[in-house]
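Below are two complexes that have subunit A in common, paired first with subunit B and then with subunit C.
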Partner chain A sequence: MQTSVSQNKLVSGFTDKANKALGISKQDALISKSYLAVAFIALLLGGLLGLLQGLNRAGLLELPAWLNYYQVLTAHGILLVVVLSAFFTIGYFYAGLSHTLGGLLPKVRKIAWIGFWTKIVGFVLVVIPILMNEASVMYTFYPPMKAHPMFYFGLALIVVGVWFLAAGAFINVANWRKNHKGEHLPILAFFATGVFVLLVGATAFVAVEVLFMIIPWSLGWVDTINVMVARTLFWAFGHTAVNIWYLTAVSAWYVVIPKVIGGTRFNDYLTRVVVIALVIMNITGGFHHQIIDPGISLPIKFMHVFMSLAIGFPSLMTAYAMFRVFERTGRRKGAKGALGWIKKLPWGDVRFLSPFIAMAAFAPAGAGGIVQSTNQLDQVVHNTMWIVGHFHLTLGMSVVMTFFGVSYWLVPYISNRVLTPKMNKLGVIQTIIWTIGMVIMAFSMHTAGLFGAPRRTSYTTYGDFSASLGWDPYMAAVGVGATLLLVAVIIQVYAVFNMMFFAPKGTTEFPIAEVEADEAKTPYMTERWGVWVVVMLIVIAMAYVLPLTDMIVNAPPGSPPFKTW
Partner chain B sequence: MHLDEKIWLTLSFGMIMIFMFITGYQTFALEMGPPSNNELIDPQKVDETAPFDEPGIKQVGENEYEVVMTLQVFSFNPMDIEVPAGSTVHFILTSKDVVHGFEIAGTNVNAMVMPGHIQKITQKFDEPGKYLVLCNEYCGAGHQVMSTTITVK
Partner chain C sequence: MMTQFIYGLLFYIFLMLPPVANLVESIMITHMHMQMPMLVVSGFLMAGIFLKRFPRFFEKWNSNGIPGITLFMIVIIYWTIPRTMDEALTYQAIEAWKFISLPFLAGFPLRDSWKKLTKAGKNLIIIIFTVKYFGMGALYIWSEDQLCNNYLVIDQLTLGWGFITTAICLVIYLVYAFTVDPTKYE
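Right after this comes the complex of A and B.
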């Protein structure tokens, strides 16, 4: 028994070293390459559709009947919020697991491929009815609007695909832990564990909604549906999903960026605490999407304001951590004075610049989030363009710009190629164009929203009300922002495929920062994922058991399906 | 943990608690909570169920009005309401089909209107003028035309 353990250790120690010396294995690289390729094709399509919407809302483009605004918007949301983010997250973390755990296990590779094709088939099933105008229901698909059943089967397959990927990640992590008893999981694998735990937790809710409520109803097996329960289950998933993409970006902030700027990473213990806190508290945040819904009592809503705001705390810890790392690194490079360290940061390096702007954007984005999860303030901006502006800051800047920055080393790493100075320069230009486009768009959306302009509404002046309410100039600016963004999208997609197939061959490092030399050892408690999952389930139960029971027991007669488009 | 981090985290925690306190005070002491009415209705029998069998506006007190309104694709019933300046208006709302939103642009009136649920929200109209009422939850192909007005004289 003992010898087998030490032998295992020996073998895995060897593969660890081989992995670091030779880079990622071809088979593992192919998995990540496939996921990233799909992610960036989705970005191209989603960006193109985004431009169509922007121009429509600016009043410059009337969309034809065979490709109407609501079809375009549904596809835009699914391509960018579901496909781009999920495929990038999986491609990135699977490369990270392969790198930090000494390669993927053969069976995990197999699972990753099954998951990949399950998701692709699911995605095709989702897209067909959207193109046929049989599923213009947005990515929130609130019943009693009913899309073609194929749309829901597609969604179910996407969820099943996610579960395969999560299972694969857990198997690889468990195997590593078995061979490294008493050791802390490498930090990037620790983030990956948190992300996949949350993915399973979040998709469980939407799976119940789709499998047990919507599919039987859409097939006509049952006549009516409980609209409120469906909506609540959706938001337990929907809000967590975007927070998972955010946690993925945060992993790069803590683990990768310090290395890129030539520093060490923030305190290991606190980093792990932030991950655990985000995992435990996240799923309960979804309820603040229902602050102005009927049928939920004020005390329950108030409890959920607290549960939503609580998620802000680990983010504020992160804000401190990032600037501490920047300052420490700058001072070590000889910076003087209070702010001299700013000059020592590598502003010309796209691998730093893009994620840095992403972090900076999270300051207004997070503040806006706190605003709109409180009762009365949400009532002012609920379902207005403000919300659209908010998630273009959080997703379109904080998350996606981090993903862009990561792509400039991750794609060369998995392709055994290098980032050339020329490509880096192109990346910097791309970052600047994207930033300007997103700032113009997000600012205009927030402002128009404060004046009452509704979201998810194709071009309309409401009989010239839009002019007197002051929306028009801001909606025109949204069109300008969308145009700049598409330019940046094209450059980014070109860069990714160039780095994947055409850039000069060579070895690129997977940048993972070390801890400070004199840092105290992290308590082993952080590694008890079983405990954290139980705590997460208790918090979810506190948040959801009461209101969901109430919605089921005191339900109104259900709603029949409607196709209103 | 460094001293400056402790200060930062204390401030962060304090800020969240202040937000909580103000939200709670406004919700429970000042009764400014978000619309959360808890009454049910059969969404397939709205037209036969009181008070929605007679949608419309009626005076219920001095400067006080009650508007019973149904929302359906892609209209409000009643449309184009008129009230005198200084009136307080209680809106009683439900949907006859899908999920709708009830927003009066330029005011804080904003509520989700779901089939099966009766939603209530109140607003005092001091400034004379024409207000835009719109649906702010995507409800179908004609969502962008779903609007009406309230004229305050």
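Right after this comes the complex of A and C.
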């Protein structure tokens, strides 16, 4: 029996040789470079705004009259949750597709550029009303708060841009499969396919919300809007978006990290099953963001708890897989005893250290997520700083620190430069500062939330009310954390642009780990994306038909627009 | 096979637990579109070991898969009739019949028949279900009367949309099956 390994090795051997000889083509590199450059500029701006918020909530900084707290909050959310994550994900996966599929097709490159500029125009349209204080609706833009219509047109263009990128990725993958009949898609391209399927599925919901509900309402063509339906459509998107960034990070954990530590990847079949499971079950999980929304009956909420917790299962598989790979690699390097392998991990290598801390952070972050999916527990923390702490752990550590770790080889790779030991050291320092800052900030946010400090509010002592004064020490710590984080942001952005334009020339490897030598062949069913997409659609239909029909048929009178700021 | 049987059996018992059964039967759409398919799935999982133990029985009665899939269709169509759901909630005997018929007379024959059918046969079954789901959806959405004594009109409207969305998913699958040529890729 021919194992998948020999096949994979043949294929990867060939592409490896081609890529070693040629590296990434200049045109493909330019696409990824542009995306990463936008991503890290967004990080700098978003980080700066984060510091303003942190200092405001710490009671140290009163924002001037021309700069509204909610304006800052909106921009911070959009720059970091949407721009940084989306642009990084696309830049990373397009580099990955180019590397593993033997280069992007010329028409795919064209599509990628059209998508890029559509997104940029969209972002400009989004940013203008935010700067004019006409769209301080936060990144969730819940109706009945109404922003300037231009804000929503911008959002629609961003979605169109994403669809271009997804189409490009699918065309490249289909072309590769035509030329490699019966072979399994290279693992990184497999992750990319899952990510782009989810991006299309998720943005379809927000497109319906924006195009058919919010835009007619914001232009005054209709008087009222169904708030519950809008929120539900938003979270089908919002939850999935966040999970897409997480799946992007997970792809690096499975594929890249084993190579960086000098090992092999976890079982190929199970890896692909994790991707498929995450794709099928993800969008339905969005409902748990509404677990304490009124107007949804308890049995529905109860059933959706299962759908949300179901996503935890592939995450637990991932946790097991990672530590299995670490242990196996450590033992092969001669580690002894139960925990000896820990010493064999390359702690001084930023490409490992940063993603490792990201993974470790996912333990408390995931546990917090399970807490919030539980109705009764969520009632205590839902509208408090606890939630803010939670998503700074998941996004600000698990996702973003993986992205940072990736940047230390991806940026040199696409720029034909190298990661110098000095830059590696700077990266380690940056990782440590970011970790300390985020731990302080997230811990204080969680604690202040448990004591009742609300989220999405500017600084206030509620007339020096005693209970709210008790939050102050924690909120001061948030300010300290935010300051450290901005220092780390500046170092990270400096590192990225230095590696992109100034680091010494040379070749950097795109680290993709091989499978174990004696691994059984992965069944071909993992490659049947058409079937998985239909299963995903059926699961989504089953999950959303029930609440949406109820919200539409039994809707209260809709809401007129409000400007609350 | 044995592990599959145990998982199937545990799943079957789980579905029978009174709180679980009460919850999914309290909502019309979860009764028909969650509990019933899951009963079929439990039977599907349990069937493997029986197919292995009694190959001659299945070979004798279901050599080309058509008798099995016909039995499957009859059982499934029976359970999409509004009256049958009502009876399952009203009469204990019909409720027991539901828990027997779906796993053992739908799940079992499906497992044995599906791999014996040709590609055209499989697609035909899916086409029949697609048409039927659009029809049932139309019935449940546009019927002005309450079709089940045990469920409200809003429940049946929801179920109707459930049928329509599932049918749309099946259409998407059929378009995929008829437009994408797998030999180009596999």
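Throughout what follows, the second predicted complex is superposed on the first by the 543 of 565 C-alpha atoms of A that agree within 3 Å, B and C clash if a C-alpha of one lies under 4 Å from a C-alpha of the other, contacts with A are read in each partner's own complex, and residues count from 1 in each chain.
Convention: a contact is a pair of C-beta atoms (placed from the backbone, for glycine too) under 8 Å apart; a residue touches a chain by one contact, two chains touch by 3 or more.
Here the structure is a predicted model, which is why all the values come from computation and not from measurement.
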(Q) What does the overlay on subunit A give for subunit B and subunit C, a clash or a fit? (A) fit
Q: Report for A:N554: first if it touches subunit B alone, second if subunit C alone, otherwise both or neither.
A: both
Q) So, does A:V545 touch the first partner subunit B, the second partner subunit C, both, or neither? A) second
Q | After the two structures are overlaid on chain A, angle v-u-w for subunit B, subunit A, subunit C in degrees (C-alpha centres, nearest 10) | A | 70
Q: Please work out whether A:G312 is in contact with subunit B alone, subunit C alone, both, or neither, and reply first, second, both or neither.
A: first
Q: Have a look at where A:K178 lands relative to subunit B and subunit C in the superposition and call it first, second, both or neither.
A: second
Q: Using the touch definition from the top, say if A:F302 reaches subunit B (first), subunit C (second), both or neither.
A: both
Q.
For the three-chain arrangement built by superposition, which of subunit B and subunit C touches the greater number of subunit A residues?
A. B
Q) Who does A:R328 touch here: subunit B (first), subunit C (second), both, or neither? A) neither
Q) Regarding the shared-chain residue A:V534, is it in contact with subunit B (first), subunit C (second), both, or neither? A) second
Q | Minimum C-alpha spacing, chains overlaid - subunit B and subunit C, in Å | A | 9
Q. Of the residues on subunit A, which ones does subunit B touch that subunit C also touches?
A. 302, 554
(Q) Under the definition above, what is the set of subunit A residues touching subunit B in their complex? (A) 68, 70, 136, 138, 142, 144-145, 226-228, 231, 267, 270, 290-298, 301-302, 305-306, 309-310, 312-313, 316-317, 320, 324, 370, 374-376, 378-380, 382-384, 451-460, 462-463, 465, 469, 554-560, 562, 564-565
(Q) So in the complex, the part of subunit A that touches subunit C is made up of which residues? (A) 174, 177-178, 181-182, 299-300, 302-303, 524, 527, 530-531, 533-534, 537-538, 541-542, 545-546, 548-550, 553-554
Q) Inside the complex, what are the residues of subunit C that reach subunit A? A) 23, 26-27, 29-30, 33-34, 154, 157-158, 161-162, 165-166, 168-170, 172-173, 176-177, 180, 184-186
Q. What part of subunit B is in contact with subunit A in the complex they form?
A. 1-2, 5, 8-9, 12-13, 16, 19-20, 22-24, 26-28, 32-45, 73, 97-99, 101, 103, 105-106, 108, 110-119, 132, 134-145, 147
